[in-house]
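In the two complexes below, chain A is the common chain; its partner is chain B in one and chain C in the other.
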Partner chain A sequence: MKEIPYEGDEASVAAVALPAIRPVPTAADEGKWARNLGLKDPTGEAARGPWTGEVPRGSWRSVALSLRPVLQHRLATLWGEDARDRVRVHALWLGGSGTRGVHLYASLPEGSLELPTLSPEVAPALYFEREVAEMFGVEFAGSPDTRPLLLHHRHRAPPMRGEGAAPEADRSRFDFAPVEGEGVYEIPVGPVHAGVIEPGHFRFQALGEQILDLEVRLGYTHKGTERLWQGRDPQKGVLLAESISGDHSVAGAVAYASAVEGALETPSLPAPVEAARGLLLETERIAFLLGDVSGIVLDVGYAAGAAQANVLRDRAYRLLESLTGSRLGRGTVRVGGLSRPLPTLVPGKIARELQELARGTEELLDHVQGVSSIMDRLRGTGTVPLAVADALGMVGPAARASGADRDVRRDRPYGAYRNEEVRVARQDAGDVEARLRVKVEEVREASRLAQAFLKRGALGGAVSVDGGVPSVSGERFGLGIVESPRGEFLFAVSIDHGSLQRVHVREPSFLNWPAIEYAVRENIVPDFPLCNKSLNLSYSGFDR
Partner chain B sequence: MSETEVPPETRHSSYRPADRVRGPIVTHPFPLGPARPPAGPARTPAHSAQRCEGTGACALACPTQAIDVKGKGRGSSFRLDLGRCVFCRACVEVCPTGALQARPDFELAVTDLRDLIVMHGSPRGSVAPSVPERMRAETQERVRRLFGGSLALREVDAGSCNGCEVEVSALAWPNYDLERLGIHLVASPRHADGLLVTGPVTVNMRLALEKTFRATPEPKLVIAVGACGISGGPFRGSPEVLGGVASVLPVDVWVPGCPPRPEALLYGIWLALGRVEQRLRRGELPDGERTAPARKA
Partner chain C sequence: MTPWEILLTTLVLAAELALAVGLAPLLTSVVRRRKSRSQRRTGPSMIQPYLDLAKLWGKGTVYVESSSAVTRAAPLISFASLLAAVPFVPWFFLPAPLGFAGDLIVVVGLLALSRFMTAVAALDAGSTFGGMGSTRDMWIGALFEPTFLLVIFAWGAPSGSTQASTIVLHGATLGAAHLSPALLLASAAFALLLLAETGRLPVDNPATHLELTMVHEAMVLEYGGRDLALIELGQSLRMVLLLELFVAVLLPWGIALSFGLAALALALVLLLVKLLAASALLGELETRVAKWRLFRVADLAVLSWVLALGSISLTYLVGVG
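Our next item is the complex of A and B:
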């Protein structure tokens, strides 16, 4: 029988009053858990990769559900793979700084493509499962939502199986969740919007000015990109990686290239090449985040501030252009290095420009926070509390504004970030103001990092690894994870005899989209654009 | 927020709106004046028939199959479609003879798709002639009369990667300020004289694009933007895309690029209005002076 401490016993009172502190699981805990499950323990270069292993489909759910409380890993992505007579479903779980992550997969034989759903307990699993269901014909038993995600038309067969089927003429049915009650009305918006933005459909349920619910329907920009990669030469695949979401082309290219480099076991790149990639990534981040700053202040009607941010943004794009010839930095990153060395410009001049960009951005924030009519709109608007951000598995500045402490550059350092400490910006409020502050802070940090990479010889110098990209036989797998301006940008690539066999991409927006449905609740309709801009979600990144 | 609750940082603010609006003029004069040359490595491939030895290395390296080389050696034929080109320079880098060079040109918009095809060494007569000069002039004259040099455009993203959106929205930044030219990006097709369409036209966007076009009052112009808008670009060949705006709408002007820089878009819009001459003819750019002179509206 359990002993009940009597009042007055100091020691036992203390023991009862103190909350149980759960230590953050370490790499050692992860290793123990993984070995227990019998997962492979790779050596050499691959040891940086995740613990990998097959799970019988009967224990797919129980393993996933035990993994979360023990390791506190989050579901980073889940994807399907066509293996002729079977479909493999992969799930990648990532944890905090220093852990390697866990990559589990289940094999489903033809004729019984069925797997138990994870979505009731693991919120981000829902979108992933809906995609795998429509693309591979896998049924997730017990799923609460079986509507299509990206496909708007019927296909005779699942498009990612075998030869793949094309869309047919008849559109498939899509029912929005209804909200009923006196005075409740519906506002349908899109896919063609009023501004210069990507297409998507928003279905608001409102009562007066207040939003009761929002449901987002995407898929309008679905281009079948993952299928286009299949069978291609890995080098030519870079263009598609840049075109997942053009506003962070460089991050896409670097994430893809590192996945392929990992799969091909390319020796590590020369330091100047890594520095050059770092410089491009951080310059792109500055330009991107300035766009968010501009969008936020524009949507509260402060046109002069938005113009100011855009002038800075153009300078950042101009800088990227002087480094690569493309304002978005496209066509420069290649598998195994760069297409050519960055031009030998005067490093001092570029450093000064980078400083100016950071200074200008901070000055703008300074002014903005002095205008109470602006701050009043930003404060407490579109709040996403940490618990929600964690439950949704959010990433990037949007997650950090809610207090989530996660940044790939620090947690799983790659390339030039292995030798550079990254100060991760964070706010707790989770509202539009917090997101604005995190973004401005990240511009400053990006400027500092870019200057550090300049010092490491990013300009001129080598282009690629000596001896080029090795051609390897057999089937290889590689992961590439990069902190893009939107957050964790992830590629999983399988290569078979030198050509791409399966490329899965998970753009950060895929995890962050559900946050907007949460953020707008109980906000007023005119604040929707603010929530939208501050989360800056990519439609093309989601739809591909 | 009531007056008594002014946030502390407001009280001693140095904020004066006038300070922010003063400052140097950042608007580039183009197209009313000369363009700033693009910075960094040039990216528009140009082919020299004299130096080409038909190795075909470019065709193998091109990620969008924009290049076709037939035959080997000096007698080979070369075909480059700038409507598919994404200006990545891969072909220029692999060309062993220097026949492919990169130029900084960006005024590449055309009113006839055939003008985007660079063709060398092909047997005579196999190239369809592009629009006769007289017809070009007449069309331009009519457009000028109809729109009077001003244009309201509705932008439609028909499935782009959003790279083109970055550059289209840049047109409204102070640096490019398209409103100074009497061109407006309007919120509704009902207010528009034409559509500026990006993206390869996904199967899922087809209906919305058609409806937007129908909602735009006549007479109307359609400008297809980017490699995607012209040919499907990087996504050409996917069953989920139709492969360019022309698969659904009648297109008046094509603006190559991936994405086209803001100046290239301005040039394309002015070409649609008949306010500049088309520079690219049958894939060839004139040498020498870079900017086409503007014409009065």
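Our next item is the complex of A and C:
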């Protein structure tokens, strides 16, 4: 790949005095680095937030490239914002436990919507930049891949800016990377699949049964949700947050609500409300992960085991229903607390059910381990090495199965997790078996946490913050990051005079989708569904 | 043969064809029912496969534009060759109606012809899945056909014949001594290849919705209507044919040797019991095993081959047949 030089690269790297590199940079290193760059010092209630500041366009790349080796932060998200006569591009970099993160943005004036690309060095930047490019008409100079990401041929104008804001793009062509050689053939799969699942197109290049390369094309369920938020009452926005990806509605709602609460500088929620949110989050996690276990076992054709997992999963959903009235746990979380208290059921009964779910899941794993034909399929299949997981900035159980030590609940504790130690599950192999083991372990931990939250008075009690959500004037920004069953679920919300000005959502799958293209290499075609199911990527969450 | 015998043989032939075709969907249903139970499901009604076939039969057929006459002719030829194999196998009466015309090697050939036609038709439409399914299926076929022949030789070794009727008659007259180690080894080998030949777990998963893992289903994705009905019925027929061959050789007792009413009735009842038990066993096996990684299917073929070879060695070298 051709290296494209950028103006001011070296000069600005030199301008930033680099603190000494340590194995694990601390919050102090981060603060020193940020102050050197002249970033805003978050104080008071906002101290929960990241170091923030504008970066001149010329040093966008150099700052980003110096940030990584010094702080070892990863690019958590990158998004655009329409500010009338200009477009702002934001990048959020998050680090390890205890660090605040760094939020950088660049302003691009109308008429020269151009920014140097980060993607050759920062792998996750590629998808983000492709999205900002097509949604806002921003050109990322030097990008190795300028194909559309979410939009298909029917879209013309950049949807987040509107007609006439940028030249109409022609999206009628989408070329997959060709692979040539004797006996190499292409397998196009989807977007409509044989099972009842979401739409996505997979293009395999295969030699016999061996997969040489895979490219995924998504965007078939793009609904323009981010624009739907704009101009709305923040309270009503919860409904949209819950439906970003239906299988982790509670996580979406809590992430969104905490972003809005942060923006509005809402005082801390009462402990029972935080405990209630924690209980719902962990119950949802149990149901979600049991669905994954069932899927993995079903994909190797072991229907009896899958049915067993589904029985457990449904019990978790029923528990969620008894707590919220909705099997998916919808309609309970709202900005500033809960829409109603959780019913005053007998805590002992719920705790017992949670224990049984954890025990049942472990028994199932024991059983599955005893069936050699299953374990033979899982071991060594769909391996994602730690180096790849780190380079892609993967999150959630999929990252932890590759050995990445990353969990928002522990690294950036929120709500009830501030007072509860989370034992993070980890495996090193990075294959389907490792992902299955991490998921089972997380069910156990979720059950334990949920029981702890029960003891903290999750049932009944207060529903909202004292005095309600404050109404503040002017432009406010808030960040909400929650560990959903899929991983780090992130909302960035701007509120202008009480109504939503820009809502950016980054579902965990957005970071994890590229991993599947690595996971399947050197595997055989019939093992693809297993790789896919164990990573459990959301189409809807990616497309939004 | 006297004209009377010819008439009776024709009647037996017609009855056996009707029985095989009529029973085929029921046995598929038995396997599915067993699997449903293991998943704590009630499962569809026992007559669901019949209803499905009736539904498909009532539908029109649509062909891929790029396809040729092969696509149109293949389901019929494939089904016909399976049907033609039925009278070479003893069902409830000995000798098998067409036994005079050929032995079990003809059955192997007819099954291969049926497989070949399906594979060719899958390539004809030019879709990727068809190509993928046919390469996998032909590979599995190539692995198991030599084993099939070896099993036939192992079965035939004690009686010195590859004729199904002779093998079964020999076994039926031996009494309990029939269940020799050599026979059991050969039958175990056959049981393994039966899984592959009928596309059951752990070789292929007939219930899967995952297009990339399919073998047989991938080949017939382009078919609908009557063609699909023939293919589905053919798949069930292939299963009942191989199951019957299995139970007839392993448990030959009770088969009618003369045209007595009582003997025929007993033979029919026993046939039903044996077949239902065999399909229930097949369903039970399917609930206990996961689908193997594709290339590991070769291990199954090797295992089957070694068992069959062991059986022959016992008979000829050790003499304990």
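Things to note:
The definition used in the following text is that the second predicted complex is superposed on the first by the 509 of 544 C-alpha atoms of A that agree within 3 Å, B and C clash if a C-alpha of one lies under 4 Å from a C-alpha of the other, contacts with A are read in each partner's own complex, and residues count from 1 in each chain.
Here, a residue touches a chain if its C-beta (ideal position, glycine included) is under 8 Å from a C-beta of that chain, and two chains touch if they have at least 3 such contacts.
Quick caveat, the model's predicted, so the values are computed rather than measured.
Contacts of A:S322 after superposition: chain B is touched, whereas chain C is not reached. Contacts of A:Q369 after superposition on the shared chain: chain B is touched, whereas chain C is not. Of the two partner chains, chain B and chain C are each touched by A:A194.
Contact with both chain B and chain C is seen for A:V311 once the two complexes are overlaid on the shared chain. When both complexes are overlaid on chain A, the residue A:D405 reaches neither chain B nor chain C. Of the two partner chains placed by the overlay, neither chain B nor chain C lies in contact with A:D428.
When the two structures are aligned on the shared chain, A:R330 is found in touch with chain B, with no touch to chain C. In the overlay built on the shared chain, the residue A:D41 is in contact with neither chain B nor chain C.
Residues 194-196, 304, 307, 311, 371, 376 of chain A are contacted both by chain B in one complex and by chain C in the other.
Chain A makes touch with chain C in their complex at residues 185-189, 193-196, 208-209, 297, 299-304, 306-307, 311, 371, 373-374, 376-377, 524-529.
Interface of chain C with chain A (complex): residues 35, 38-41, 128, 131-132, 135-136, 201-202, 205, 207-213, 287-296.
Across the complex, chain B meets chain A through its residues 1, 6-7, 9-10, 13-15, 17, 20-21, 26, 38-43, 63-64, 86-90, 93, 102, 155-170, 172-175, 185, 187-189, 199-200, 202-205, 208, 212, 233-235, 237-241, 258-259, 261.
Touching chain B in their complex are the following residues of chain A: 151-153, 159, 164-167, 191-192, 194-199, 219-225, 227-228, 236, 238-240, 242-247, 249, 291, 304-305, 307-308, 310-311, 313-314, 317-318, 321-328, 330-331, 339-340, 343, 367, 369-372, 375-376, 538-540, 543.
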